[in-house]
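In what follows, chain A forms one complex with chain B and a second complex with chain C.
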Partner chain A sequence: MRFGALVKRDVLVSWRKKSNIYQPLVFQLLIVTMFPLGLGAGAQTLAKIAPAVVWILALLSTLITLENIFKDDYEDGSLDVYVLSGMSLPLAAFSKATAHWLTTGIPVMLFAPVIGVLMHLPEQSYGVLLLSLLLATPIFSLLGTVGSALIVNIKNGGMLLSVLIMPLLSPVLIFGAGAVLETTLGNSALGHLLLLLGCAVLALTLAPLAAAAAIKVNLE
Partner chain B sequence: MNRLLKFYHELGSPPSFYRITSHWLKPMLILAIIFTLYGLIDGLFFAPEDYQQGDSYRIIFVHVPAAWMSMFIYAIVGISGIMAFVWRMKVAEAVMMASVPIGAIFTTITLLTGMLWGKPMWGTYWDWDARMTSELILLFLYIGVMGIYSAYDEDPRKAARLAALVAIIGLINLPIIRYSVYWWTSIHQGSSVSLMGESGIKDWAMLRPLLVMALATKFYYIHSMLCRAQSHLLKTEQDKNWVKLALTGERKDKTQGGNL
Partner chain C sequence: MDAGQLAVIAGPNGSGKTTLLQALSGLSLLASGSRIYQGSSELSLWLKESHYLGHKLGNKGNLSCFENLQFVAQVNETSVTSSAISAVLEKAGLAGYEYQHANDLSAGQKKRLALSRLLLLNKIYWLLDEPFVNLDYAGCDWLYEIIEKHISQGGSVILTAHDQKKIHELAHHHITLEFPEEVHES
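Presenting the complex of A and B:
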């Protein structure tokens, strides 16, 4: 019940602010424009790096939104209220991750094929691209709650957040971009996707606990 | 067993940790110097040339011990991180934060010596192979722990608890990172030392300086870590009485005796 209420509130706040939702997408469009400008617009060159570019853009555009997952709640005192109300903190963290995934993860995932088209990603790869991001965007959000909870009362913690979270995300990038790359070569992506699923399960079980621990330390 | 347990509890209290480890500093430093001198001289002058690589293989007497230390120290950071987080032991916090910069330096040494060796051997300073990449990510993990600690400089205990949490998360992730990174085809040779394996160093004259250097880096680490841990404790406990006593300790008995 409380879980649902929290998710609903966060989604509503994001929806009313709108910029939260379209910022990562604009970011992706801006950066993807730079690749043809820098590399030359040859379709073959672009197609070769397309799996990596699409994936890295999805990752980076999510990364710039992570800092704020707990920031507002920390600054206006809602975070203290969650703790005082006796709500389970891992559950609160999980609801923040869910709301972030609904408002950032899903748009980023749905926008990735557009970037794919701009990068001349081969046709057979789009299904796996969507599937890999469907598995990976929840990981971004879940690990994001951990990173955001760690830096919640640091000013300009964005850089630190990137340093903390980059090592955790590198396996996700390897498996995710690897899955798309396999399809462009005409191979099966099943192995990569299964490993990605494993990462997602691990993040789902451990990340809320870690985020809750970080919040607890920060509010002491 | 009882005595060992008592010793463990004694080490857990900052004043007795300071007192006990003060006696270890000098022997550890001397051992480190002796072993380093012996290992380097033996490795650089007396160990035989490699039949393929000639003299340039000799960088492994620095490279491999540093690489072992970079991982060994992260394990210590992770374990003391767990102790600091779960039991809130001040000494564990000190050991963790003292170990992190040393581990980061060993990781950097590993990367730099590897690059210097790679240029003549592989023809390139850097190649994104599995071991190099995971070593680089290990460096990021160290930097992350240091970064979060220094970001909370107004409250060192809170900073240490958050740094411990980051270290624990890193410890869980390290195997995942390592195995995921191994998916790439690698040009890095397999382990140089293995007891059962087919490949690797067989010659005792080559192995001896390597093992001596591995011990030297351990002794150096213990010395350096204890120095740092001691100053960490002195800094965080500066209002406590034991710090005053420890810093003016030598003269305490005399002046007390004289005045009273």
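Presenting the complex of A and C:
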């Protein structure tokens, strides 16, 4: 019930503040249009780097949204409201991650094929692209709650957040972009996807605990 | 503190009134000392019976007054009906503002919305940090009345206030925080 209440509230807040949802998508679109301009090359060159570009854009566009997971609540005091409600903190962190995934992770995942088309990603890669992002976007949201909880009382902590969680996200990028790359070469992506699944399970079990500990330390 | 009592914390700016309240509320970790409620320092029991309202009001700006209270009730696992929420808003002088977003309210109305959580959750201990700030005369009278009613029903209130003569007269405990006499530099 508490989980549902917090998720529902966050989704509603994001839905009313539309920029939360479309900001990462606009960001991706702006960057992807620069590749043909900068590279000045045809479809083949673009297709070659497409797996990496699609994946890096999904990662970076999510990264810019992570700071606010806890920060808005900290600033308006509603963080105090649910922390003092007696709700367990790992559950609160998990609720926040779920809401973030619903409002950012899913749109980013569904938008990735559009970026793929613009980058001339080969046809056979789209299934694996979506699957890899389906596994990876929850990891972004879960690790995001940890990062956001760590910088909750720091002004302009966005850069620090990126520095903190980028190293944790790099294996995800390696396996995710690797999976898509394998499909462009006609190979099976199963190995990469399984490693990604492993990362997702690890994030799911540990991230809420880490985020809860960070919130406890930072609430003064 | 016994049931049905009011404690007023006073002291100059920066003397630690908010810090004390936050420590009592369970928000901040205690550097020393302990928080004992019903003979136990177990935090979960205390959280169930107390409600803290600080300087940051805790209203979500782009949710309506109704949605704000609904969330607070749900996250505290208090089951309330929609008509109960409307009744609480009416008591807080926010009748007709149910579907207004909290951002669109005036500073005093935002404060009233935050204070209405006390009536909604009906917990035993109220910890209020400067509850009279931003309220108009009618609002101060209303707050004074609900505090008086709460303690007459066996609830307890700990609050910080400056020049609220009436509330100081009602108080059973007066706590005055002061700066240390001298600060030693080494």
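Details
FYI, the second predicted complex is superposed on the first by the 218 of 220 C-alpha atoms of A that agree within 3 Å, B and C clash if a C-alpha of one lies under 4 Å from a C-alpha of the other, contacts with A are read in each partner's own complex, and residues count from 1 in each chain.
One rule holds in what follows: a contact is a pair of C-beta atoms (placed from the backbone, for glycine too) under 8 Å apart; a residue touches a chain by one contact, two chains touch by 3 or more.
Values in this document were obtained by computation on a predicted structure and should not be read as measured data.
When the two complexes are overlaid on their common chain A, residue A:Glu75 makes contact with chain C while staying clear of chain B. In the superposition on chain A, A:Gly86 contacts chain C only, with no contact to chain B.
Shared-chain residue A:Leu219: touches chain C; no touch with chain B. After overlaying the two complexes on the shared chain, residue contacts for A:Gly157 are found with chain B alone; chain C is out of touch. Legend: residue contacts after superposition of the two complexes on their common chain; A:Pro171 is shown touching chain B, with no touch to chain C. Within the superposed three-chain model, A:Val13 lies in touch with chain C and out of touch with chain B [touch as defined at top].
Contacts of A:Val117 after superposition on the shared chain: neither chain B nor chain C is touched.
In the superposition on chain A, A:Leu30 makes contact with neither chain B nor chain C.
Of the residues of chain A, those at positions 217, 220 touch chain B in one of the two structures and chain C in the other. Every residue of chain C that touches chain A in the complex is listed here, in rising order: 22, 25-29, 44, 47-48, 50-52, 54-63, 67, 71-72, 74-77, 117.
Residues of chain A touching chain C in their complex: 1-2, 4-6, 8-9, 12-13, 16-17, 75-78, 80-87, 216-217, 219-220.
Residues 146, 150-151, 154, 157, 160, 163-164, 166-168, 170-171, 174-175, 178, 195, 199, 202, 206, 210, 213-214, 217-218, 220 of chain A touch chain B in their complex. Of all residues in chain B, only 85, 137, 140-141, 143-144, 147-148, 151-152, 158, 161-162, 165-166, 168-170, 172-173, 176-177, 180-181, 183 touch chain A in the complex they form.
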